[in-house]
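A, B, C, D and E are the chain letters, set down in written order, and residue numbers restart from 1 in every chain.
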Amino acid sequence: SDLEDDASDPASSGAAGDKGTVVVGGQDFTESQILAAIYQSLLEDAGYQVQTKLVTTRDVYLPELSKGNVDIVPDYLAGLTDFLNTQKNGPDAEAVSSNDPAATLAALEPLAEEQGISILPPSDATDQNAFFVSQDFAEQNDLSTLSDLAALGEPVKLGAPPDCEGRSDCEGGLTKVYGLDISEIVPLDFASAQVKDAVKNGEVQLGETGTTDGTLEDLGLVLLEDDKGIQPAQNLTPAVNSDFLADNPDLEDTFNKLSEALTTDDLAAMNVQVDLERKKPADVAAQFLEDKGIL
Amino acid sequence: MALVDGVPQCYVDNDWICTRYWTDYRPELVDASVEHLWITVISVLAGLVVAVPLALVARRNAAVESVVVGATTIIYTIPSLALFSLLLPFTGLSPTTVIIGLALYSLTILVRNVLAGLQGVPEEIREAARGVGYSDTRMLLKVELPLAVPVIVAGLRVATVSTVALATVGSIVSYGGLGNLLLLAVGNQFKAQIFAASVLCVALAGILDLGLLLVQRLVTPWTRHAR
Amino acid sequence: MALVDGVPQCYVDNDWICTRYWTDYRPELVDASVEHLWITVISVLAGLVVAVPLALVARRNAAVESVVVGATTIIYTIPSLALFSLLLPFTGLSPTTVIIGLALYSLTILVRNVLAGLQGVPEEIREAARGVGYSDTRMLLKVELPLAVPVIVAGLRVATVSTVALATVGSIVSYGGLGNLLLLAVGNQFKAQIFAASVLCVALAGILDLGLLLVQRLVTPWTRHAR
Amino acid sequence: MSAEVMIRLSGVGKTYDDGTVAVHELDLEVQRGELVCLVGPSGCGKSTTLKMINRLIEPTTGTIEIDGQDVTRQDPVQLRRGIGYVIQQVGLFPHQKIIANVMTVPLLYGESRTTARARARELLELVGLDPATYADRYPSQLSGGQQQRVGVARALAAKPPVLLMDEPFGAVDPLVRLRLQDEFLRLQRELGVTVVFVTHDIDEAVRLGDRVAVFATGGRLAQYDTPARLLGRPADDFVAEFVGSTSGLRRLDVTPLDPAHLEPLDGVRTGDIGAAIDVDSTLGHAMAVLLRDDAGMVGVRDGAQFVGVLTPNGIHRALRAALAEMTEASA
Amino acid sequence: MSAEVMIRLSGVGKTYDDGTVAVHELDLEVQRGELVCLVGPSGCGKSTTLKMINRLIEPTTGTIEIDGQDVTRQDPVQLRRGIGYVIQQVGLFPHQKIIANVMTVPLLYGESRTTARARARELLELVGLDPATYADRYPSQLSGGQQQRVGVARALAAKPPVLLMDEPFGAVDPLVRLRLQDEFLRLQRELGVTVVFVTHDIDEAVRLGDRVAVFATGGRLAQYDTPARLLGRPADDFVAEFVGSTSGLRRLDVTPLDPAHLEPLDGVRTGDIGAAIDVDSTLGHAMAVLLRDDAGMVGVRDGAQFVGVLTPNGIHRALRAALAEMTEASA
């Protein structure tokens, strides 16, 4: 529909359609949606016809990416690494991701290669997991880091997805690295309204969300700093089907330009625009590309 | 709260009801509703097309009935996530995945109601039909199915409404119709969108339900004349 | 692969089928199954208890029927996540949240089948009952409901099976029976647990379904004597 | 006298939605303890009339009173509890065994299960169905006539003051029917029940009815009279035709012997008398015996004593006399 | 002669699961074009017998042949297409209008809709239901007797070579029934249909049947004979009782006048003769006329010419003679 008078209708930019179709994959949360929209704009500008398919989990799009049903996905460095690692070596395999982006990338590349996936250079922008408490709780106990919380020495209930248990970037890291006493993991979705409610009304003390979550402040919640670095490097990186990349080598430049320009602050800002100002991801993406002078 | 100027107040307040949302997102809402509608309709029709022969096979004897009803039971208990993942390797990120899944779920309801409907046909009417030389097929088409229509349509209505609800799950493979909007909105607490998508879901279910009721009235005129 | 000694091979290989799992986790499996069972049974019974009066009110006139059926439709289209979040402020992290939610879902199926079943009672039998002086209540209890049993039980069976499946969603408030195990296992790719929980879900659904079938046979002995 | 009226229909009419006039301006009174038969051609509104009395169908015009009370002012359930009803389509409860179908009604009146069961067994015997064989069957395991008899037993089980019966013996053979009619009449007299009885069998109507209402197509009452007057003085051609050209013969079954029509025994040798019949036989029986053997006459006995002989001419005279008497009575 | 047998039951029996013997070792032959009536007390196995012929019920013993072919070797659907069937419970299709209910069968035989509709309208007229009024109603909008007639029309619509009818006129009044019987007999002779006709009305059986089979309880065949012999020489007490104590009277309706039993006109003045009847009337008609007026005799006319007078004694003699004749014939 061309009801929209926004200047950002990429489909109308000249060269559309003569390089064939590209399927952009991704997950259906705000950030991924914005990045998919940025990818779509870039690709359409490069003359492709673009279809975007946002799905719920990595399980769904990754096999499709390696099969070539999906061509390109904006993904997170450590998340992708861990996924491929456990897929190959089993759920109890030792983590090969770390808080060092270069090392993580080095671990990822061979794993991705095996699946027919190429990893383009990651951006500096990251979206790591993070833990939050209520503003009141933080003020009462003068908390700003996870170490502060551990120093309190009180058992805490953690609201996080069930897979948190034992993970080094979650319950495992919190107990082993920080020495937190986690009495119970209440299974609540990542960054969900439920977990935020539960923290706010004290059913749990600690909740899990992402560093680019723009909504916490409004809800009276605060992040605690990961001062001991248990969170692996979740730098944003384009994952491309290897065959597709081989057929379209010029894409690498396009996406490198994006990765260089993108920062964590950009992500948080764009998230706020979508999550709070309710702008459409496509519009936010177009604005971003224009501001950065990429398009 | 530091918000950019010109953002509509109801977005700022994150109101449930926000007329601005309905105009801003009209194309998305229309597209999603249309997708939701056709996925639902095709799934239920596919389910019905499979359910009727299954029910017919099932009523031949008690053992087959147990197997058929048991099998559809098992399908129904497979969580949609798992079912879709099972289908994914074969059908990929396509509407087919969703449609097959939804059709399979609707089977459970449809098979049982088709069976119950057929069982409800009075024996003397069956005997009269057999007596004048109706073949099994003809009796089915001309007597049993028409008389079973109220119960079958009751099943179709449940199946349709339930499919409208379940179709949202299709968002896991990006063909969830209004479910796509719903899931995104739940993720970022976009209440106006949650509300709009939910209302449209309900409206869709309501319209389909009403439509089926009218169809039933139309095809069972004899029930309107009291004795 | 550096693995701790003495870890069973099927854990190491992450096999789907792992007998060791079943013995190691027996208490968890039993607890989860029991929880699943009682949550399901109570939810469906609660649904039935509400559905019958609703159906009775509904059949008084077409307008009320539309309202009742429409309302249950609306409930059915509310995604479980949303429904549970709506209930959460009132009932908190308790089984009540799950049971109310599941009972509400089962309403849709039950109300329609109770209605369809009652409609299927032959007019001359109703007339005979009215003629000998049956009150509406007595006719309902002694004539209409018994004759509607096959259709009502068909609905109960769908509702039960569907509730067994839906009960897993209760895990979002940590009362999901086997769903709790399932969700954990999906989270950390513990295939033996995914398999065991799924099998138990299916078995539970199958057993309940069969149980209801037997109940139906028991309470409708007259259907066994062919004319 | 008006206290004696049990059921009164005044100007009762029923027009269905599509304009069909099923019953037209009907006035009908039934005395307490009376048995009134409704007869008439198929589709003339008999069932509709019956169902209006117990409010299964609401009349479009007129009023219906039972025992002086307007039925439309009464609670239909309470009303029907006081009225037994045998439905034309039989309408047994398919999910209940035969015994339970019959017990249904006494239980409704608050009888204990034991009493109800005993009464049900009694009634099954009465309608000729051995409880040992039939009590525990389901309706679908009975023949058409057997099902119908269960329906009658069910209606009788309540000992209701008013009984509406819609072709209750339509599907049973003449022997069983005769027996049922006799039993039913005995019961009806004994209990003093007021009965409205629909039948299309004019013989049955004449045999059972204290009065008979003949309906014409379109729900019009053509004649309402005692059987004797109906046969002797049909109100119009329609009634005459409906009651049948053989109406004189029908009277054979309802006319008792009259010693006045016997010929004296004088000069008749006992050997000449083929057979003997009782003095309180009907003419019909006399004629049957007369035809059976070749004597041309039949002896008539009062106890052990012969009182005369009956010849074909005697029967003719007796019939004629009965007809004349009727005509006078109705004049 | 054996080529003439259309339906042959040999040693046919049916025992239900619970041990009820519905039909016991039945041998029965029906000639081509013959109309056989089955009568007997309620529950004696008439319906069961009928349903075994078109395989709605499978016999437990014996064989059934139609036109020389064992029915169990035939496809039941094909078999039933050649056999019209009127079910005792009427069994109209509630979801089809009256006209569609009747059209059902011709359509089954591949007739065009136009032909089927025309035939259905014809048959509705035949059974006394005006198509203009009833064609577009649903079964629930008809009275009991009207529904039953639609059932008959439906079975006749196929012009089947064999017709099984289970109490087809049980719910209609005597006038309509007489008309239906006449129409039906005409049609049956015209088309040469072979009919097995269940009825509990012995009058109907005698009137319609070429032969009548009387069943006794327990599904035993008590007698299988022409109506005349059945009335004149009942095989046993059961048959005698069933056929009725008034069987002599029943004969009135089937026995024609015989000039031999008339008295001469000599010495009778025309004024003395009450009324006149035709020489080919039945005795029944004669008697009805005789009773109607006071003359004690009735004139008998052949065309314009009086041939004699009939007195009560004459009727008696005629009946006696008919009985004697029958007895000889069956001896």
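Criterion: a contact is a pair of C-beta atoms (placed from the backbone, for glycine too) under 8 Å apart; a residue touches a chain by one contact, two chains touch by 3 or more.
In this text the structure is predicted, and so the values were computed from the model without any measurement.
Common neighbours of chain A and chain D, listed by label, are C.
Averaged C-alpha coordinates put the centre of chain B at 56 Å from the centre of chain E. Distance between chain A and chain E, defined via averaged C-alpha coordinates, is recorded as 90 Å.
Annotation: 34 Å between the Cα-based centres of chain A and chain B. Each of the following residues of chain A touches two or more other chains: 193. Within chain E, residues 89, 137, 140-141 each touch two or more of the remaining chains. Of all residues in chain C, those that touch two or more other chains are 123-124, 127, 226-227.
Under the contact rule stated at the top, the pairs of chains that touch are A-B, A-C, B-C, B-E, C-D, D-E. Those residues of chain C that touch chain A in the complex are listed here as 1-3, 12-14, 85, 88, 93, 171-172, 174, 180, 183-184, 187-190. The part of chain D that touches chain E in the complex is made up of residues 16, 18, 20, 39-43, 46-48, 88-89, 128, 133, 137, 141-146, 149, 166-167, 170-177, 200-202, 241-242, 244-249, 252-253, 284-285, 287-288, 290-292, 294, 296, 311-313, 315-316, 319-320, 323. Residues 66, 69-70, 73-74, 76-79, 81-82, 108-109, 112-113, 115-117, 119-120, 122-124, 127, 150-151, 154-155, 157-158, 161-162, 164-165, 168, 179, 182, 186, 194, 198, 201-202, 204-206, 209-210, 213, 223, 226-227 of chain B are the ones that touch chain C when the two sit in their complex. Within the complex formed with chain E, the residues of chain B that make contact are 124-125, 127-136, 138, 142-143, 146-147, 220-222, 225-227. If you check the complex, the residues on chain A that touch chain B are 1, 3-4, 23, 25, 28-30, 33, 53-57, 59-61, 63-64, 67, 69-70, 191-193, 215, 218, 273-278, 280.
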